[in-house]
Amino acid sequence: MMLTIVMLGLLAAGGLAWYFESVKAQSARWISLFSVLGLATFFAVSIISSGSDYSQLNVLVRVPWISAFNIEYALAIDYLSIILMSLTFFLALICILVSWQEIQTKAGFYYFNLLAAIAGIIGVFCAVDLFLFFFFWEVMLLPMTAIIAIWGHEKRHFAAIKFFIFTQVSSLLMLVAIIAMAYLHYDQTGLISFFYQDWLLLDIPLDMARYLMFGFFIAFAVKLPSVPVHSWLPDAHTQAPTAGSVLLAGVLLKTGAYGLIRFVIFLFPEASQEFAPIAMTLGVVSILYGAKMAFAQQDSKRLVAYSSISHMGFVMLALFAFNTLAYQGAVITLVAHGISSAALFALAGMIYNRIHSRNLKDMGGFWHSAPRMGGFALAFAGAAFGLPGLANFVGEFLSLAGAFQIAPVFVIFAAFGLIGSAIYGMMLFQTSFQGPPTTVVNDLSSRELLIVGSLFILLVFFGLYPNAVLQYVQGVQL
Amino acid sequence: MNIDFASIEMLFYLAGAVAVIASLKVVTQKNTVHALLYLVVSLLAVAVCFYLLGAPFAAGLEVIVYAGAILVLFVFAVMMFGLSVDETLHAPQSRGVAVWVGPMLLASLLLLELLFAIDSIDIQQKLTANIVDARQVGKLLYGSYLLAVEIASFLLLAGLVAGYHYAKPDSDMHSVLHSQHKKNNPRSS
Amino acid sequence: MELILTYLPFYPLISFLILISFGKRLSWQLASFFSVGAMALSAISSGVLVYHLTHIDASVITVHLWEWFNLSTGDSASEILSGVNSTVNISFYLDALSAVMISVVSGIGFLIHLFAAVYMKEDENFSRFMAYMNLFIVAMLILVLADNLVLLYLGWEGVGLCSFLLIGFWYQDKANVKAARKAFIVTRIGDTAMAIGLFMLFKTLGQLNIADLTQTAQQTWEVGNESAYWIALLLLGGAVGKSAQLPLQTWLPDAMAGPTPVSALIHAATMVTAGVYLIARMHGIFLLAPEVMQYVAWLGASTLLLAAFAALAQTDIKRVLAYSTMSQIGYMMLALGAGAWSTGVFHLMTHAFFKALLFLTAGAVILALHHQQDLFKMGGLLKKLPVESALFIIGLICLVALPGTSGFFSKEAIIGSLWSSSTAGPALWWCAILGALLTSIYSCRLFFLAFLGESRFQTSLHVEDSKLLRLSLIILAILSLFGGLISIDFDTVFPVSLSAHQDPSWLHTVAILTPFVGIAFSWFYFSSYRKNQGDNITASSSSLVIFCRNGLGFDWLYQWCLIKPYCALARLNRRDMFDQLIMFNAWYVKMLHETLSASQTGNLRWYAAAIGLGLVGLFTVIMVGVGSI
Amino acid sequence: MTAIPLAHVLMLASILFAIGFMGVIVRKNTLFMLMSLEVMLNAVGVAFIGAGSYWQQADGQVMFILILTLAAAEVAVGLALLIRLQHKYQSLDIDKLNSMQG
């Protein structure tokens, strides 16, 4: 029930924000901020106070929805979902704060879209009826497309359409796989079911599992994204407004990883084991290719977008290593990357607000006038190239150390990504903040300081005390 | 093969040739009325063909409905266009009699042919030997094709309604609405 | 004791936080009070710890702060077999080796901070500079105190980052920025090798705690084990990157773009020796891989000679010292490769003393000459800056290892250990002797050019008459001269080498005489530099000299083999070929769309004709189909 | 069996159809296009009748009657549309009626 309230609350708050913005300007952001804060608190309080153990999936709600097909409204959470939902809430707050000044036109509708997307993401993280999952998957897609298409930069329509088509085509493959699974269930038990835990009990013949797994895999690989289906990401990130980029990189990509864990690896263990070499190759290629492409970019947001591809390559590699350690690494990478890439995008947005350019050639020497921003930029670039002491390092280290147990050759290649990430990280930081000063920019305002400061503190916290997350995902047997 | 001018085949080929020539004229004529006349001839020629093929009922229908009704519709339409502005302008009216020459020739050819066919007993015998008469058609039409007939009737009804609707003069709802709007405008502004 | 050890890295950390958060709002006095004070506290704590370790019987002190993360896989075979504890902790481990390191780091660090507080006084970003220096000390202390390799890696990367920040401290100059980036990325290549080494260690031994894993390795592996070979090789990769040895040495000379105290602290005394520390720390693994020890020795020897040759041709006083540092670290590597662990670490310590002294004095000279670093624009400084000259001479005689100085003790020990070592041998001994000869020659050249002859500059000297600055220099000079007398007992750390000492008796004589030969040679060879030749001394421009000056072509090689191809690849594929591939679909669909929409003219007759055409086509197909059957 | 071979009947039908089709394509005047359509419909009728008499079945004539109704309806609607167009554009040129651009 609690999750339903949260999702409906988000939607309602979005609606209220939309309505009240037309009544009184600037009210939308306050409504969104406080409702997200309130709902996040509600979520945290109910999780803590429930006191139950979430190491297995806890089904919270299960009521019939479309009974003709035995489709249910079923929500369940475990620690993985809770971690990712908390990340979502946190980044939702960041998004609202980031949009504070940036969004001036149609602000009400903007906040409605933002909150609707967040509600969809929360839904994705907790839906265990696959039809419902697909429903939420689409719910999060549409407002996101709207955010890019309406409030984006100069090529926003192109980017939004590209984003939409990529995600939609791939998710249709997933829909096919979902329906096939439901019929498989019908074949075996005489009852159509979309319920995840029913599916876990199924005995899926391997040759069929291969195709079904592939259907799911493609949908999530596009979302993750992995080479060679990554190319929507740079465009979408570059053209989206700052909050859109933050949300995309911070949470939306995580839904891909979450799907891989929950629906590919756990539903089709044997087929994914068999598929692992290919998936790991894709992961390694993503790492190296992303790093190389990031280095080649002139556009700061595009650079960060490619670095996201590189980082998600680590996740892919780790997940398909089928190793507890690597799995932990993947989870912490998800959290760390959510925070660090959000931070980098937020910074890129702040720079954009100051100089109205994302081109690295227009930047340089900002340290002179904005040392605080420079310090944070360095820290976040450091997080991007896996500086120990920040959360990303723990993730990369665990992923690679775990994967090395299984596939040393892959890891050796992946480790070259560490060099590549240092190259683009340094380039990003140095071309924008070092060198002869070009323009005078204002240092961080207190609102911006709150944004980057909180992100930075979390990065350091998870970097030095990753057990805060890891203790919940330890002991997951793959 | 000895060419027997009195055979059904020859009559058929002749009628066919008339139909082809008349149709070509229909397509190539500049003047609408001329074209219509040729069309009539073409239809009549086809009717002869039908008759020779052993379908007198169809031939009758062809003459009555096609050459009679539909063509009259065309003529009315052409009248309504007021073709003085259309292609008749480019077709000089001075050769008034010449207009009739072509259709007349073809039509009289057909007539001759028809008379000949009716006159010849041999042909009559052959024709009656393999006739598909109206009774058979009627049975089939109101038997297994009943649904098709119903649909055709709907089609005709629709054609009627649509024809009426489109051909109606322009003083309908549109202008009424328009005038109302005009009336409302001063009050609202 | 544990408490003191715990707090040791936190003094500079707190100072760093204060300096970075208040930034320019702090006055010079306050900023230097915090940073230098924190260093003083660290130095004192280190002193206490070392005293405790040596005089009160405790060979090892450990503190456990908190568990960082757990590497337990739950199903790792090796883990079940050995029942090891695979947690990675934030824990400190102090033994004789790390004790030497922390005293060097915090002791010399303190002196250099003291110097820097005066040297950088005028800089507008003074507090930021001191903050970085503090942060560097934090990372370095963590590096040497780490009880497991992951924490060591944290420190390792941390010092790399600080080195990056400090080289690029004057960030407005593009050259500095480039040098900083180069330093970071080149060392990062080594770090990656090291990271792979860690993964491999973890895979084979299931743990990363240094003491435990060394023990396990020695129990389970035989000498010459393949895993040990690869692990040692990969760790060597890390060490080579950080310590600027072949083939990753190119960053160090460029790193001289940083302020001089940085060069003294990071690029001479502490950070660059981290590689030496790593190998010494992991000697348990290296002992199992004698081939890798040979590689270490040969790498050290070749770097030693290469850097010495390059030093001979430099015109920039700091670059001479940089190459000299490389060369001296080559000595340390040579010692480690020969299995003379303690002598290597001993040379590390003495080198830290005298190289810091040399750099700082050079810094004082440069300051006096208004940031003039070109040797050919100096000259005759002996008379004008007597105190600095004296100090510089002290540094140089330690560098060339004249008998009695600290350099003499350590370097002779290294050379002495080579001849009969199983992993070194006479060939390497001769390399070391040649190196010593070259060292004395380039030292003399440097000295003659800078301090003798007539002055080749017009500007008046800017003399910073600060007692603090002098004080730090003098303490360093004393340490350089007499530091060789400090004896360190490494018996608890390193295995006692069982050298049979069958060395020929002439070896020592040759080794002691070599520097004098070098000095005598230069006395005549560089007589033009020594005598009054006025302005007409210029740097030789023969191609051989330029080749040496440019570091024997390594930069050029890397530029063409690695950097340019990578950049070209990046530029070539800037548009992302996968994207192009996918967008081809879109393009293709769009083309079709345009073709088809062009065919939709809205022209009824056109449609009719198209239908006819289609009909004809269809019939043709059917006809051909029927005909072919 | 009639003496007329089916092939010849169908040939006649084809020739008529082709002529009508040519008219539809070639003529710009919509009225002529309608007439050509009539010719085409007729041609189809010929084919049906021919086939019907060949097999001695009434179906051919039934189909012809249906075609006839179709033609009637089509002509009614078509002519009405033409009148409308004539009113609106003062022209029957089909090429001027492409404002929908497909």
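In this document, chain identifiers A, B, C and D correspond to the written order of the chains, with residue numbering beginning at 1 in each.
The rule we apply is simple: a contact is a pair of C-beta atoms (placed from the backbone, for glycine too) under 8 Å apart; a residue touches a chain by one contact, two chains touch by 3 or more.
Just so it is clear, the structure is predicted and the values come from calculations on it, not from any experiment.
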Pair sharing more residue contacts (C-beta pairs) when A-C is set against C-D = A-C
Distance between the centres, which are taken as Cα means, of chain C and chain A, whole angstrom | 37
Here the gap between chain A and chain D, centre to centre from mean Cα coordinates and rounded to Å, is 64
Chain centre separation (chain C, chain D; CA means) in Å = 93
Separation of the C-alpha centres, chain A versus chain B, in whole Å, is 72
For chain B, residues contacting two or more additional chains = none
Which positions in chain D touch two or more other chains at once?
-> 26
Please set out, as single numbers or ranges, the residues of chain C touching at least two other chains.
-> none
For the protein chains shown, what form does their contact graph take: line, ring, star, complete or other?
-> line
Okay, what are all the chain pairs that touch?
-> A-C, B-D, C-D
Touching chain B in the complex: which residues of chain D?
-> 1-4, 8-9, 12, 15-16, 19-20, 22-23, 26-27, 29, 31-32, 34-36, 38-39, 42, 45-46, 49-50, 52-53, 56-62, 64-66, 68-77, 79-84, 86-87, 90, 92
Of chain D, residues touching chain C in the complex = 21, 24-26, 28, 33, 94-95, 97-102
Sites on chain A touched by chain C in the complex | 227-231, 234, 289, 292-293, 295-297, 323-325, 328, 365, 367-368, 371, 375, 378, 382, 387-389, 393-394, 397-398, 400-402, 404-405, 408, 411-412, 415-416, 418-419, 422-423, 426-427, 430, 433-437, 464-467, 470, 474-475, 477
Sort out for me which residues of chain C touch chain A in the complex.
-> 20, 23, 66-76, 90, 128, 150, 153-154, 156-158, 161, 164-165, 168, 171-174, 177, 180-181, 184-185, 188-189, 191-192, 195-196, 198-200, 202-203, 566, 569-571, 573-574, 576, 578-579, 581-583
Show which residues of chain B lie in contact with chain D when the two form their complex.
-> 7-9, 12-13, 16, 19-20, 23-24, 26-27, 32, 35-36, 39, 42-43, 46, 49-50, 52-55, 57-58, 61-62, 65-66, 69-70, 73-74, 76-78, 80-81, 85-87, 126, 130, 132, 136-137, 139-141, 145, 148-149, 152-153, 155-156, 158-160, 162-167, 170
